[in-house]
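Each of the two complexes below includes chain A, the first together with chain B, the second together with chain C.
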Partner chain A sequence: MKSVSGIDNVGIRTKKDRIFLGLVVLLSVVTVSPIILIIFKLIAKGYKQLSFGFLVEKMPDTMQAMTAVANNELIPGGIANAILGTLLMVVLASVIAIPVGIITGVYLYENQGKWMANLTRNVSDILQGVPSIVLGLISYMWVVKHVTMGFSALAGSVSLAIMMLPMIVRSTEETLKMIPQTLKEAGLALGIPYWRVLFGILIPTGFSGLMTGILLAVSRVIGETAPLMLTALGSSVINTNISKPTSAIPLVIWEFYNDPNMVDLIWSSSLLLMIIVLVFNLTAKQIASRRK
Partner chain B sequence: MNSDKITKIVLFSVSFIILILAGGMVFSLVGGAIPSFKTFGFGFITSAQWDPTEGKEQYGALPFIAGTLITSLGALIISFPLSFATSLFLGEYYRNTRVAKVLGTMVDLLAGIPSIVYGLWGFYVLRPFLISIGFDNQGFGVFTSSLVLAIMIIPYATSLSNEIISMVPNDLKEAAYSLGSTRYEVIRYVTVPAARSGIFAGYILAFGRALGETMAVTMLIGNANRIPDSLFSTGNTMASVIANQFGEADGLKLSALISIGLLLFVITGIVNGIGKLIIKKMS
Partner chain C sequence: MNTNILQIKDPILSIHDLSVAYDKNVAVKNVSVGIKKNNVTAIMGPSGCGKSTLLRALNRMHELYENITTSGSVLLNDEDIFKMSPIKLRRKTGMVFQRPNPFPTMSIYDNVIAGYKLNGISQTKQERDEIVERSLRDVALWDEVKDSLTKKGTFLSGGQQQRLCIARALAFNPEIILLDEPTSALDPVATSKIEDLLIKLKENYTIIMVTHNMSQAARISDYSLFMYLGELVEYGKTKNMFTNPQDRRTEEYLTGKFG
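Our next item is the complex of A and B:
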């Protein structure tokens, strides 16, 4: 504590204090600058391509794209196949993950301190840390190899669902912990059956908290590319069959990135993806802040 | 059987799915990895050979393990000053102010940007920039990957340390102020020591995130199956080699990639476990 003891060096100490504050502010601004830089870049390069047609037409082939680029025109077509693919897989993943996640969260809340619940909670935490590409491998080995016998939307959904599950479990338990115990006790005292206390009182009371968790989980998996490369593969046609290869927005970005003729489409596709993710994210934040 | 009992059984059996899932994952990964470990033995981890030529296939994961550790460590070092400053901004200097709320939201949004968008940005913006300032003459490789990874993990490191820093008791800080400390001195001698283990845990969890990041690294590291020998050398990480080579893989190669997935699973599990343990000890 040498520097604190001196009284004669107040000038230096105040200067140090100021410099440190300046440094903190500067570095904090540097920290958040990428988000602004990235969004501006996406808007600047992507807005021209983003039209109604981009949303409802399917992907152009390489030849069409090449001709358009050669004539200095906008590349025709859109990414409807990818948008529908993302929708299909995310909805399917949610259908799998949300009920299991919420019920597991309720179980953990109802069995605080018991070893089985602790084990489940720890395992769920471990699952949350598993890299998404490993989940892709898992779904490949399980679904692609044994269920759909080929790359498929279902396989993609399974990998996304495994990713969503621990997030929903955690947010459900955390939300329930914040609900006053008296509410549950009042329900039980009135003789309401246990399951109705859980799903008729606790869940509706914590609805906005659960919603926040679900929206954040969805916004996280919408942008996932790696597991889908190993499972859904991608497709240039609109596909609604869950046992067939399916495209997704991040997957077409990867395709465009690797195809010199289509590379102009990466910005508009990324812009669209970014808008979707931001809407989910900010809605979740909004719901969460209104709770407080 | 009454309905309460049924409810309990349903809760229990549904939540058991997670355990089955985790058990099944370990089982499948180990099962898929067996052929390559049988062929190469322990050498799979220590060999730097990666040769898919048919007939004399040779797979070793060392270059990818090295690439993963180097890029993630680099990301941690780069992100440290940034996220440390940001958590002081949010948790100490401007706690509960409007500007902190805006900044905090922006930091959270950094975590929402999809990995592939980071990759595009790194490739089309950061790479040319690094080349133009003469920092790096090819723009691919370990350094660029670490830089983008650093940005990606900042939210994870920041959110925990910010929370811990803002929880440091006020009377501790006030005692130091009353002795005539400047704010910097309070932070240095009171806040940071008190929040140390939480900050540390935050960085460990962020490191765990960096280990498994796939797309951004795949687009920036240059995909060379060798041990990076300098900061600007190209390489490959465990996640990126799976993403890159999975498409054409079957037989022994597929097993080798699954083995890498298993290793990645184990390494991230250990790193996250350590982080969680520190957090648990604190509370």
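Our next item is the complex of A and C:
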């Protein structure tokens, strides 16, 4: 009896399996389609503007854009001011966040289970969840108000650095935890002082892990808009002075969106931003997978 | 005083009443023993009896972990190791681990010279070359790797890696080499190479080796310690211990009744 009903069930089971499989495929398509649609849309609407000049010329003014749109021409100029601004602020943010993040991560790794380390880890995790606009506000109060006495690239960098920090702390701690303890012991057993073991053996051994964390942190902040609005403000000229207002790619996208004459430029700018973020992400993935 | 423990005249290392505890769990209990210079001393005993714990006390490895407490004294050439700087002590005592652990980012050459380079000791290229060649010759690895010194140490076979790790420990010309089951991860051919090497190395160094393998202890060691549940039960010439063990527990272990 039992075996007979078991055989009967096979047909039903294959049918169920098929339905389930179909559902899985459908859901995966639903998951990946937004990103594919976005990329398509950006390429379709943005590729025309994306030329060499777009990368090296500064933003057009409203008049130039208006004339071009009226004559049905491509809007002249580019977003070099924004590209340089993003570069400046991301580099500065990295210069602040990488050393602080790595040292904090090392501290957490060396003090597993101690209350001070646990507190630091928890605070760092909470920081990761703080809305970026709040971090912008904090930087506004610290840097804009008291250090640069006005909107500045430095203030933007500080807000981005605070965002990067928890990611770097975490990845440093996790990376170090994965390095076999005996490497550290072998180094110390040679009579090498701890800090030289750290910088000469442990960090080089975990380099790809640290690099992955840093690249992901950079790709995370590179598209941030809200904190920069409160700190770097934006600028239509190329600026390399860290105490002056500075543009950034996400900031110009927002500006273009608000200017009917320039609205066409949001596609090419977004495409460029998307490409940069993807490159960072894929590089991070590549490094992480090579490690295994 | 335990009569099953041989007294050594002029020991290079003299351990007095050494105890080591992990939190409240005492893993090495009041061990007192002298180690003879230019000999191979084996530390034997069943798993968990405290062999590694004893060995690691000798270069103060336990200080890396806050839950470990050590008491007693250890004199290296009549100098208290707990009063030396750990850096000085560790340069006088090389350590080799159970699994070969060359520094993965470094070349063979850099692995050998790591102790000097990372200590920021300035040397000419020629001095470095000499140390690398001498150390690699000491472990009979020179001829195998002399054309690939810039390759990563991790590309070598397990046995070669372990010899590289021994070379790394020898580079500083330590007085004592501590080895914790250095061949347990290796195949028989690689194991016998390391054994030959240790017999040769005792001309210039004092060797203390933890081993699980009784025939290995019999083959290469001159003196043996037998530990049981954290205590030193018996210590003497290996030959005597294997032919005529004094303590019942030693005898049972050697005849395979436990362990």
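Keep in mind that, in the parts below, the second predicted complex is superposed on the first by the 275 of 292 C-alpha atoms of A that agree within 3 Å, B and C clash if a C-alpha of one lies under 4 Å from a C-alpha of the other, contacts with A are read in each partner's own complex, and residues count from 1 in each chain.
FYI, contacts are C-beta pairs under 8 Å (C-beta built on N, C-alpha and C of every residue); 3 or more make two chains touch, one makes a residue touch a chain.
It should be emphasised that the depicted structure is a prediction, and the values quoted were computed from it without experimental measurement.
The partner of chain A that touches more of its residues, comparing chain B with chain C, is B. When the two structures are aligned on the shared chain, A:K285 is found in touch with chain B, with no touch to chain C.
Once chain A of one complex is fitted onto chain A of the other, the partner contacts of A:R13 are limited to chain B, with no touch recorded for chain C. Within the superposed three-chain model, A:M149 lies out of touch with both chain B and chain C [touch as defined at top].
Within the superposed three-chain model, A:V91 lies out of touch with both chain B and chain C [touch as defined at top].
Of the two partner chains, chain B is the only one that A:K41 touches; chain C does not reach it. When the two structures are aligned on the shared chain, A:I133 is found in touch with chain B, with no touch to chain C.
Look at A:V237: by the touch rule set out above, it reaches neither chain B nor chain C. When both complexes are overlaid on chain A, the residue A:Y257 reaches chain B alone and has no touch with chain C. When the shared chain is aligned, no partner comes close enough to touch A:V56: not chain B, not chain C.
Within chain A, the residues touched by chain B in the first complex and by chain C in the second are 193. Against chain A, in their complex, chain B makes its touches with residues 3-4, 6-8, 10-12, 14-19, 21-22, 24-25, 28-29, 32, 81-86, 88-90, 93, 103, 105-110, 112-121, 123-125, 151, 154, 158, 179-185, 187, 189, 208, 211-215, 219, 239, 242-243, 246-247, 257-258, 261, 264-265, 268-269, 271-273, 276. The touching residues of chain A, when paired with chain B in their complex, are 1, 3-4, 7, 13-14, 16-17, 20-21, 23-28, 30-32, 34-38, 41-42, 99-100, 103-104, 106-108, 110, 116, 119-120, 122-127, 129-134, 137-138, 141-142, 162, 165-166, 169, 193-195, 198, 219-220, 222-226, 229-230, 250, 253-254, 257, 266-267, 270, 273-274, 277-278, 281, 285. The touching residues of chain C, counted against chain A in their complex, run 59, 61, 64, 86-91, 93-95, 97, 99, 101, 103-105, 114-115, 117-120, 165, 168-169, 172. Residues 180, 182-193, 196-197, 200-201, 204-205, 207 of chain A are the ones touching chain C in the complex.
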